[in-house]
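Below you'll find the structures, each written out as structure tokens.
Each of the two complexes below includes subunit A, the first together with subunit B, the second together with subunit C.
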Partner chain A sequence: MSKFNLYNTEMEKKVEVLVCYGTLCHLMGGSDLQLLGELLPLDLQGKVDLKGAPCLNFCNEVDNGKPPFAVVNGRKIEQATVKKLIQEIRVELEKK
Partner chain B sequence: MKPFHIDVNSSQLSKSGNNVCGDVVLSRKVKDEQRTIITVSDGLGSGIKANVLATLTASMAMNFTVEKQPIERSAKTIMSTLPIDSRRQISYATFTIVDIDNGGETQIIEFDNPAFILFRKGKLLDIPKKDLSISLNDGSERKMLFSQFTLEMDDRIVMVSDGVTQSGIGTTQMPFGFGCDSLNRFLSEQIKEDNEISAHELSRKVIRKANENDIYKPQDDITCAVIHFRSPRRLLICSGPPYNESRDKQLAQMAKSFNGKKIICGGTTSLIISRELNVGIEVGMTLDNSGLPPKSKMKGFDLVTEGILTIGKVAEILEKLHGTEVYGSGPAVEIVKYMMESDEILLLVGTKINIAHQDPTLPVELEIRRNVMHKIANLLEDKFLKDVEIQFI
Partner chain C sequence: MAVTNNAMLIRRDLLTHFIKLLIEDNLADVDRIPLEMRPKNESSIRCCIYKDRAVLKYKLMGMLGFSSRDEVDELIPLSDYARKAFNGEVQSDKILTVVDEACSSCLKINYMVSNMCRGCVGRPCMVNCPKEAIKIVDGKAKIDHNICVNCGQCMKVCPFHAIVYIPIPCEEACPVNAISRDEDGVEYIDSSKCIYCGKCLSACPFGAIVEKSHLVDIFRTKKSGKPLVALVAPALAGQFGGDLGRIIHSFKMLGFSQVYEVAYGAEETARLEAEELKESLNAGEKFLTSSCCPSYTMLVDKHLQELKPFVSKTATPMHYSAVKARELFPDACTVFVSPCSAKKREAMDDANVDYVLSFEEYGAWLVAAGIDLNNIESETISEPPIAEAREFAISGGVTNALRVALNSSNLNDTQVNGIDKTSIRLLKSFVKNPEANYVEVMCCEGGCVGGCNVITNPKVATRQIKNGKK
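And then the complex of A and B:
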């Protein structure tokens, strides 16, 4: 490792959060999830890669649970809230 | 769809001290016959009284023309219907009727309004006019002018009320008013400066100039109506997944091959098109105060938004909108702006029903897409004179 490597390589593996922006999710509280980027606690900032998706198509199957939906590192989260997503992000970070 | 479009727009200013303009411009598209009819009328005096006279005249002229009544009879009826002014003891309102058919064949009848101005390739064109005399029941004679010609691509017809040609009268700069020649010169300059100038913008410029001549205190009602005959600007709005999945490909191909601006409204719809055309979607994260899901980007498309909430908002904006100026931000406002900038709008509506949207426990009622799109189409056609076609898929 070069002695000039100032960046922690572990840091670069960000937690991927995909928020559904479909109609149903938006109505059922998903509109709040747009604010996730701003509401992240200080220690999580820079560790999350927040993205939107047109419609994740979870709402068409009852078994998937209730909207709004989000995906954290590939895991589907039902009834997502900002609080719940932050918890899930912490779970993902602890896994490493 | 047609190879050309007739862009009609007008601007008005009322005489200083009046809230209501005494000039009236009406325009209507007769869809079955592919005709566009525009009537301009200037009522006697100013204020409410003039407005009533002008509205009466313009709407009668409009309806008689739609019904293809002989002009002599219409003019006679109009003149004998108008109430007699208690002060001046005459009944009077001027009018100009323009009737354009789908081939550009145009007939114009003028009664006492300043002559219409026809611009072709940036130059003024003189049209020979025929005298039409009618004798009224009280024995007096009235003279009207009749002209007939065929419009060519990029022609403009400008009609003004005498408030424009007589603006500035009595001032040191123009003691005899603005006049027709100065107006013609002013118009040629504007068209030369910007050959693409819209009917709306040109009419705005004329009334602004007239207002300036009157030193910002209009001495009469000022009206300018512009008709622009030009190639159509086209817009496609795709919304909703096709009823049958086998038609997904068809939807994507129609969207791809469309010539003009393209908008997709709908998460699932954008995913279908993205899949079929193999182009990625980049979902935006920008927040605005519209309360709608953010817009996305997709190569080859001008705008990608969420579906039913956004188009519901579009219908709401269109319903409340006066004029063509849209204010605010958000995906719905952007769609309305695109609509206002287009002449021909194709609504490609998928009819698949999203079962999840039918849940009665939802916090708001989600309307059926088909109904909302019908509403939008009707508003665009009746209120904004757009050429709208709906296709269900």
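And then the complex of A and C:
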């Protein structure tokens, strides 16, 4: 890989992941999502911008699906698990 | 704690629905909960939504302290049971019950020949079966389950791994063989053996084991106007986001007038146990074990009498803090906020603890009340307990606190981190060959942060407790 390419990857926009740390999501299985950061596979590290958020207000509407919720590059993910989020992150990376 | 699974989430959802009605003081509507949770047009988990609803009904009955076996008339609505429970008319000491309707789904056999069997010439399964329970039928091995004693020899010797072991999750999880099937093939918990560790509760994939709740009693007390004091166990500091100040504030929002940290009681336990350790070693005793885990002390009482002389006589942090809370707030009702079922059992024998609220119930209460811990104020804790006292909830934490109290770094200690059949054997061996002079025993792996009612992943909870002390 040339030096130029290396810079290029670093400039790439990271996948934005917003995990709901709201009390409802946390109770309904979301507590495991706190481990996402350390469970990220090596090849994804440095490519994800991971944040926790208070209630994302998805839990008020049944139509939104079931908690726990997360948002990956603006897309709502219901019944989020670590595995599911890693998959979704890969989907986003492949789009580029 | 259990791996997150749907049975656990259904239980939490059920609790949330139930608490909403308690908040609205509208228990008459409790019969609607199974319908709301399993509406007509949704797919069912079991054979049909009606079965699903029936199971939810019986789970609620279990939470209210009724066993589905007590049901004499199926037409009696849930609301009748709820009203009775709310009026304090049930006096059930059954903390863990099996919901018959949800159970009996496990196979009654432990070993089965799969179709991977090649009907080989060697037939080691047949040759090695001590009971001659295996025959070859249609070119494949077949176990006669009337003769089979579940020894597992056949599985070990099969070169094709064609024999499978089918566990019964609750029986396998129980460290003391307290749960077994009755004549009807339904699991039954023998309370003379049970140590209330709650491992069966977490293990059952059908969520068939239900824990009795004190929620109705707590709401009844609240309605009567009697003040409530929450005794907050050290492990709670690691739950949710790990901000104890917010957790304390949330109790005030839920209607508790005072919050008292059990870590203060832990300071007392550490101090007294350190003295006891010094004394007993001076008196020539070989070793001393901790006593703060009620599952462990029940294990000794019910199954390991020979260990009894070595168990510390010092009471648990819950006890000391409850005594103190009674003294400070004599007119209040004390509610211990707990990570496990064993504490519920312990509280039954402690006059200073009126009720127990599990972490799960607390979490469901927050949700039912619409409180998001992220969005509320954090109360400042003016005289925090020593950091080591909060770490009682983590395996090794009791020993650490003792070390500080003893002011010595050369405490010769060991830890039993999790009670299972292997560690029970190890504990037995200590009577003859103690490995150390102080043994800390925690029933749940990782300590109370791994209790059967915790919400936050134990690894994260441990980290949050450690960070919180700074």
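Things to note:
Throughout what follows, the second predicted complex is superposed on the first by the 86 of 96 C-alpha atoms of A that agree within 3 Å, B and C clash if a C-alpha of one lies under 4 Å from a C-alpha of the other, contacts with A are read in each partner's own complex, and residues count from 1 in each chain.
In this text, a contact is a pair of C-beta atoms (placed from the backbone, for glycine too) under 8 Å apart; a residue touches a chain by one contact, two chains touch by 3 or more.
The model shown is predicted, which means the values in this text are computed figures rather than measured ones.
On the superposed subunit A, the positions of subunit B and subunit C overlap enough to count as a clash.
Contact with both subunit B and subunit C is seen for A:L24 once the two complexes are overlaid on the shared chain. Once the two complexes are overlaid on the shared chain, A:G65 sits clear of subunit B and of subunit C alike. By the touch criterion stated above, A:K51 is placed in contact with subunit B alone, subunit C being left untouched. When the shared chain is aligned, subunit C comes close enough to touch A:D32, but subunit B does not.
When the two complexes are superposed, the chain touching more residues of subunit A, out of subunit B and subunit C, is B.
Subunit A residues 21-24, 26-28, 31, 34-35, 54-55 lie at the interface with subunit B in one structure and with subunit C in the other. By the touch criterion given at the top, residues 21-24, 26-28, 30-31, 34-35, 37, 50-55, 57, 59-60, 67 of subunit A touch subunit B in their complex. Residues of subunit B touching subunit A in their complex: 267-268, 270-271, 281, 283-285, 287, 291-294, 296, 304, 306-309, 354-357, 362-364, 366.
Within the complex formed with subunit C, the residues of subunit A that make contact are 21-24, 26-29, 31-32, 34-35, 54-55. In the complex of the two chains, the subunit C residues touching subunit A come out as 4, 9, 12-13, 16, 240-241, 360, 363-364, 366-367, 371-375, 455-457, 459-460.
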